[in-house]
Each structure stands twice: as C-alpha cells, then as structure tokens.
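Okay, structure first, notes after.
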Amino acid sequence: MLQRIEKLLLELAVFAVLLLGILITTSVLLRVFFNSGVPDSVVMVRELMVAAIILPLAATSTARAHIVVEFLTNRFPVRIQGWFVVFGTAFGALALTPLVYASWNESLHTLQSGGFYFGQLNLPKWPGHLIFMLGISFCWLRLLLLLIGDVQRIRAGLTIEGLDAPNTEPSTDTGSIN
Amino acid sequence: MDGTLVGLIAFSSVIGLLAVRVPIAFALVGVATVGSFVMFAFRTGTFMGERAIRATSSLVFSNSFDLIHSYDLSMIPLFIALGHIAYRADITTRIYYAAKVWLVGIPGGVAMASVVGCGGFSAITGSSIACASTMGRICSPEMLRMGYDKRLATASVAAGGTLGSLIPPSVLFIIYGIFTETSISKLFLAGVLPGILSLFGFLLVIYLWVRHDPAAAPPFDGHITRADRLQAAIKAWPAITLFVIIVGGIYGGFFTATEAAAICVSAAVFIGFAQRKLDIKGLLDSLRETCIQTSSIFLIAAAAKIFVAFIALTGVAPAIVEFVTAADLSSFYLLLAISIIYLILGMFLDPIGIMVLTLPLMIPLVETYGFDLIWFGVVIIKLLEIGLITPPVGLNVFVIANVVGKEVSSETIFAGILRFLAIDVIVLILIIAFPLISLLIPGSMS
Amino acid sequence: QVTLIAGEAGPNRGARAASLQSFADDVAERSEGEVIIDIQWGGALFKSEAALQSISNGVADMGTIIGVYFPQEMLGYGIADLPLENPDAWVGMRATDELMRSSSAMQENLAANNLVYIGTFTTSAVNIGCQGATIESVDDIKGLKVRGVGAYGNVFKDFGANMVSVSIYDAYQALDSGLIDCSQGYSYAVSALKQQEVMSSYTLLNWGQVGALGVFMNKEIFDSLEPEVRTILSESGEAMADKLGELITVDNQMAIDTMKSTGVEVLEMAAGERSKLVEKGKPYVDEWVKRADSIGFDGAAVLEQYRGLIDKYTAERDEKGYPWQRN
C-alpha cells in the first residue's frame, strides 16, 4: 500500500518538474514572441517546487539515497553496520517528528486563515503547505517501516540491502529504483 | 542558557552523529530542533515548555519550507534534469566522442578527452555530482576496457566532474548568489576562466602522469581520419546548441538565468525526440532520477537552513566573527584560515550544506575586509569543488565508484585523486592571488 | 535586564538597517541599559515570507514584517502600500505611524495574530528607471517590459506593460541585456545597485510608496513587560520614522544627483499624467476597502482617516520643514 502511494507521490513530483519546465518555457516564449506572459507564474513555480522536492522524499528514503558519512562505520562487520543503519533511520524518524507536527499545524493554519500570495490571481497559500505536509508525513512513515523491516532482517540473521556489496558508498546515481 | 555552550555541544553532536552513519540531513535537523527547544525554553531562566514548542515548531517549518518554496532555486531540479536528459538523448556521449577522436593520438588522450568532455558537459549542467555520474558512466568503463591504469581511468573523471559547478550554469553559484544577494549572472561569468584554468590544470596532470608512467595509458592503435574528426565534431552540435542557447539567451536579454534552465530542458527534450534518441519512457525515467537526486540535495539544504537558524539563536556566530576581528588578521591570513576551514569541512560535508552553514558567518566577515563578493564566491566554489574529491567523504569519488562497480574501490580512486588535488591547490592559489582571473569577464560587462 | 531578539530579513547595511539599529540604541539608552535588543540580520532566523508567523510564534520577540507577503493577515497595515497620492517618505511614515497607534481596528487586526505595532519603515517613493525608453506619459508604458512590484506593478500592467519577474539584484543585468526595458524602484536602491550605469532615463512619478513594512512585536511577550518598558519601546518605535525619513531623504537626493552626473535623464511626470496613474490605481484601493469591510473593518472610514493624516503631515512639513531641518 505505502509502496503504491510512494510511487504515486514520485510520479506527481515528476509531473511537477514537467510542469515547471513547461510553465517557464511558455512564459518565456510568450514574452519573446508576443510580448505577453503567464500571470503569477512565479508563485506557481514556487508551489511546484514544493511538490517536486518534498513529494519524492518517501521514495528517496526507500532508495536509501540520503547522503551519509560511512568511512568510519565501514570498518565494522556488516552486522554491526546494520545496527548503525538502524540507528540512523530511528534517529531520522525522531528528528523529523517535530517537523511533521509543525507541517500539520501550519497547513491547518493556512487553510483557516485564508492567506494568499499577492499577485494578479491572488493564489491561496494552502496548496504548497498541504503538499509539504503530505510529503514529509509519508517520508516519516516510510522511515518507521524501514526501521521495523531492518530490525527484523538483522534479527533473522540477514543483511540490510545495500550493505552486502563491497562498494557501500551512497548512491546518488539512483537508476536502480526505476 | 549559555548560547556558546549550547552551540558547541550542538556542533560536536552533529559530528558524532555523522560518524555513526546518521544521514547528514537527519543529524542537522535533529540537533537543531533539540537545540532550538533548549534555547527557547530556558531563555528567561524559568522553563517555558509550551512557548518553546510553539517557537521551535515555527522555526523548523518556516526555515525548511521557505528554502524550498523558491523561484530562483527552480534552476536546480531543471539543470539536474537537463543532465539526465542529455545523457539519455545521447547528447553527452557525443561531446565525449568528439573530444576523444581529436585527442586519442596523444598519450593519455582518452583521459584528456574525458576531462574535456566534463568541461563541455559542465557548460550545460549545474551540478558537479551530475557531471561526474554522467561522464563517469560514459568515460571510465571505456578507459578501463582500453587497459588504462584504474586510478587514472576513474580519478580523471572524478576530478573533471568538479568543473560542473565552476563552469556555468552552476547550482552552487545560484545558492551563493541568493545567500549573498549578488547577481547570479555575474557569478556565472566569473566562473568561466577559473573553470577553464582548472580544466587545463587537469590536462597537465594527465600529461605528466602518462609521461612519467607510459603504461598508465596504453596507446591507441586504431586509425582516425580527418573525416572522422570532422564528423565527430559536427555530431556534437546538440551540446553546442544548448550552450549557445544558455549564453546567448541570458546575455542577449531573452531570458533570465532561472528561465535558461527550463528553456534548455525543453530544447534538449525537443532535440532528443527529433533525433529519436529519447522517448516518453526515457524522459520520465530521467525525471524520476532527477526527483530523487533533487529531494536528497534539498533535504540537506533545508536541514542546514534550520541548523543555521538555531546557530543564530545561540549567538555563536557573532562571537566567532568578533574573535576573528579582534585577532586583526591580515587579508592573507584571513583567506588562508578560510581556505583551511573549507578544506576541512569539505573533507566531511557536502557543498550545499557547507555553504548554508558557513555563509551567514563568512559574509559579514568578508565584507568588513572589503573583498569583492563575486570573486570571493569563485574562491568558495573552488574550495567546495576540491571538497568533492578529498577523502574521506568525496562525493564525486563515491559517484564514480558506484558507476564502475566492484572493479575499482574508492580507495584506489582516492589514490589517483592526489595528483589532481595538487593542481587544484595551485589553481586555487592563482584564483586567490589574481582576482582578475575571476573578475575579467563579469567586469567587462559594465 | 531584558534581552529582546529582533529578526530582520535584510542585510545590516542601508538606511533601513541604520534606523533599526538606531531604534535598538535608543531603547538601550532610554532604559539605561536595562532593555537590550539583539538584532539578527540577514534572515538568519526567518525569511521575509515567514516573518509574521515567526514573530507571532515567538521565534523572535520582534522583527520586521513586510506587508505585501501577508496580504490577508496584514490587511489593515496594507493600507500603507496603496497607490494613493503619498510620495513623501517622512509624511507617509508619520501618517502610517499615527494610524497604527490610534486605530483600535488596526490593533485588533494585529492582535488576532498575536502582534503589536512598534514602528514603521518605508521604501520611499516609487519611481521608474528605463534603458532605451523614456516614460513621460502613461501612454509610453504600453508594450514595455517592466519589472514591477505590488499594486504599482499591477497598474503598470493595466497600462499595457509586460511584467517580467526579475529579482532586484538581477535588475542591473536585465536592464543591460534588454531583458527588461524598465524597472520600478526607489532612488536610493538604484544608486546602491549601480543601476544608473544601465539606465538612460529615470522618471519621478510623485505617486506613492510601498510603506507597509515595519517592526512588530509578539503580543504575549510585549504584554509581559513592565509598563515603563512598553512605553520606551513605543516611543523609540515612533522615533524610528524620523530617523529613517532623514536618512532616506538624503540618500534619495544623493542618488538623483549621481544619476544626473552619469548622464541619466531625470524627469518628472506631469501632474495630469500622474493623476491618470492615481485613477488607474483606484480599483486596487477599492479592493482594499472591500476586503477590509469583509473582515469587520470600516474600510472607507479608515481610508478617510489615513488620507486625513497624510494631509496633516504634508501640511506640517510644508509649514515647519522636516524635523531634522528644524533647529
């Protein structure tokens, strides 16, 4: 279930990047060829940025694409390394809790206050806030599930994925999740 | 609560957490959240829990949200996307082959072509990591196949990848420009000559390496005709077109640096589809990679922003600035100190994290010394670039290690990197000693 | 001894920074060192976009809020941003200051967000500089590519300008490359960003200013202070307007001189043309009144009061000169 939602969120982020490109390109073309433009495109780009960056966070966690420093822990046996990974995930879930709480608060607040961005269209503030809340909440949930899964694997005598290869550096090249 | 003490405890906690493999972003957010709570709760001597929760939650949310909710930073996902799309649309490979057919006859020519290819690709992508991972996928396996020394085959691309941020467009310059309120277009121009200088430095390293140890680069035994060369150069047109669009568009007044990213992505997609090198699936796949990469970059940047806000609460920053100012350093020693600090941070942290962490401290300091902020930006970016290839945490090295797989360990790559580091330090000294290298082009603008 | 943290998203240079600093110094002096204001510059604690929540939630005890980022929450204060005939920096600040202190509707509007008014700033008169174009009449605006802000920007658009989004720091490059023809701005900012190098003309509009930016304080914390301390903060906040008025008026004059000496054609928009600008801005003023009514303000009455205050301080200036010019 979560996996599906995660995929959906990633697809939505991809859609947001596409829209970013299309929106900015359109506004440039309109300006250069018709001396015109897209109203409030700056606000729309900002809202899309939130979607493009926050929505994939859960998938990023699943792909274990968070950048870590591991030259010290690499000296330990794989089983111990597994416990370091577990600690990192647990710490991450804890560290994000206040942010998740805050994002719920702020989204509710912008929904209630009716705040909007000054412009030609006076676009409301809540969509970006809501997207942020969704993305960060699912990331938090994913960390929690990773934590449970990893503990179970270590207890069962298995290694955590990504720790078995000799090259354990973090992957910023994440073609593998596709 | 003594802010300086809390600040020092926080810094050591972050270092401790990083050492035990806690992801950088989580370490920064966690420590900053707890630290902010402590600062807010004990401000007046009596414990104020409820008020502190409200303030802390507001601080963590607004600092992360406002960083991401940015128009200017939209260049980052777009320039990263451009890198991925250019790779899939075969644009990148052709830059490399054009360089290769021209240089293959020279000893170490393929390694040189890789560096030149990196330089060319840098001109259309904004990120060093993207540059290293894309060129690494193309160049390193080929050099290994040709029997190049493993260290040379990998280190040349890891080093070449660092050109990604110095040669415009550049994510790091964008972030620097936003933090220091300097013109991003001017910063882009300022990076050009230092980038080219670094590129020639790397070529020199390869030349000396192969001259000293000819076995490191087995000579090419095929035959390349003049027609081959011409054809390869012509086939590189998409990259050249993109470069012309970026430069001509920004300086010809057609669009802003922010908009250039989107225009180039559109152009690359168009070229890819027109040449049948790219399809919908390829496009979506490259955007998925882009999203994952961008989200992990921004999570660190947002975490660092929260950390910066917390540090502001502790008052450590003005204390340090006061300390340095009181020490009354000459410009030379100040720059030396700054360089050492950045080199040390660069050993462990990623460039964006370092920048958002240190700029709020550095800029007031640098301003009191009357340094040119555009030139200083180039110095900082060069220092951060060096950090990408210094052990123990050299992101570019890890990226290459990841691309070449089990064949080469990151230790081997680091061993090869040392020679490139030597030239980087020389280039850095030149950039510091002769600000004109950076300021010549942007200066000619006004 | 009390230390109050103030958050300011801008850098610690320029006229606004100097008057904020003078406010802090003033508070320290009046309280004989009992109240210290620790200013966090450069958006270290929060960016302008988050100033309101951050102050009302106590991230900082006080700080600068720029009204245009909170058109809903700072609706009342937003009156100072309206394109009224209000181009004088000092007059505008004085009028805004008195309105904020005397109107209970304003105070209630702020209290809803846990805020208290301390003092006001301004960006000073809105003017427009161009490269390769000259704006003498409103008809000249049509078809120009313009960087504009706020309701003023909307009015330029209504006159047929094509609005281009460029940050103020990149306006130089944008004017130079021809990306934009004109940039809305303030005289001192033109000179600080060296824009005169890339401008051929600069039109003084005598129209209005962006004045809804000022210092606000967390109400809970304000209320917890001793009455004497509250008085000191209010008095020092009020004095801030005179300080900034002096600094910004001098800076603006120097900037105009610089422009003239570098060959920029500085012209004034004729009164007849100016009134067309004011007329075109009227829908935005009406919109403010309507929105104010919807949140329980008597919009028209507050506007009337504000116009009256602008007239009052214009008369005072004409009669006695600016405070810093009096002996």
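We just call them A, B and C in the order they show up, numbering each chain from 1.
Methods note: a contact is a pair of C-beta atoms (placed from the backbone, for glycine too) under 8 Å apart; a residue touches a chain by one contact, two chains touch by 3 or more.
Owing to the predicted nature of the structure, the values given are computational and were not obtained by experimental measurement.
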Between A-C and A-B, the pair with more C-beta contacts: A-B
Centre-most chain, if every chain is reduced to its averaged C-alpha atoms: B
Distance from the mean Cα position of subunit C to that of subunit A, given in whole angstrom: 37
Whole-Å separation of chain centres (CA-atom averages), subunit A against subunit B: 21
Junction residues of subunit C - those touching two or more other chains: 53, 165
Residues of subunit B touching at least two other chains: 57-58, 62, 65, 69, 71, 254-255
Per-residue multi-chain contacts in subunit A, two or more chains: 31, 42, 106
In the complex with subunit B, residue positions of subunit A that touch it: 10, 13-14, 17-18, 20-25, 27-28, 31-32, 42, 45-50, 52-57, 59-60, 63, 65-73, 81, 84-85, 87-88, 91-92, 94-96, 98-99, 101-103, 105-106, 128-129, 132, 165-167, 169-175, 177-178
Partner subunit B, residues of subunit C touching it in the complex: 5, 11-12, 38, 40, 42, 44-47, 49-50, 53-54, 57-59, 165-167, 169-170, 172-174, 176-179, 194, 197-198, 220
Residues of subunit A defined as touching subunit C within the complex: 31, 35-37, 41-42, 106, 109, 113-118, 120, 122
Subunit A-facing residues of subunit B, complex: 17-27, 29-30, 33, 56-58, 60-62, 64-65, 68-71, 73-74, 77-78, 81, 129, 133, 137, 254-255, 258-259, 261-263, 265-266, 269, 284-285, 287-296, 298-300, 348, 350, 391-393, 395, 398-399, 401-403, 405-406, 409-410
Subunit C to subunit A touching residues, read off their complex: 53, 68-73, 143, 145, 150, 154, 157, 162-165
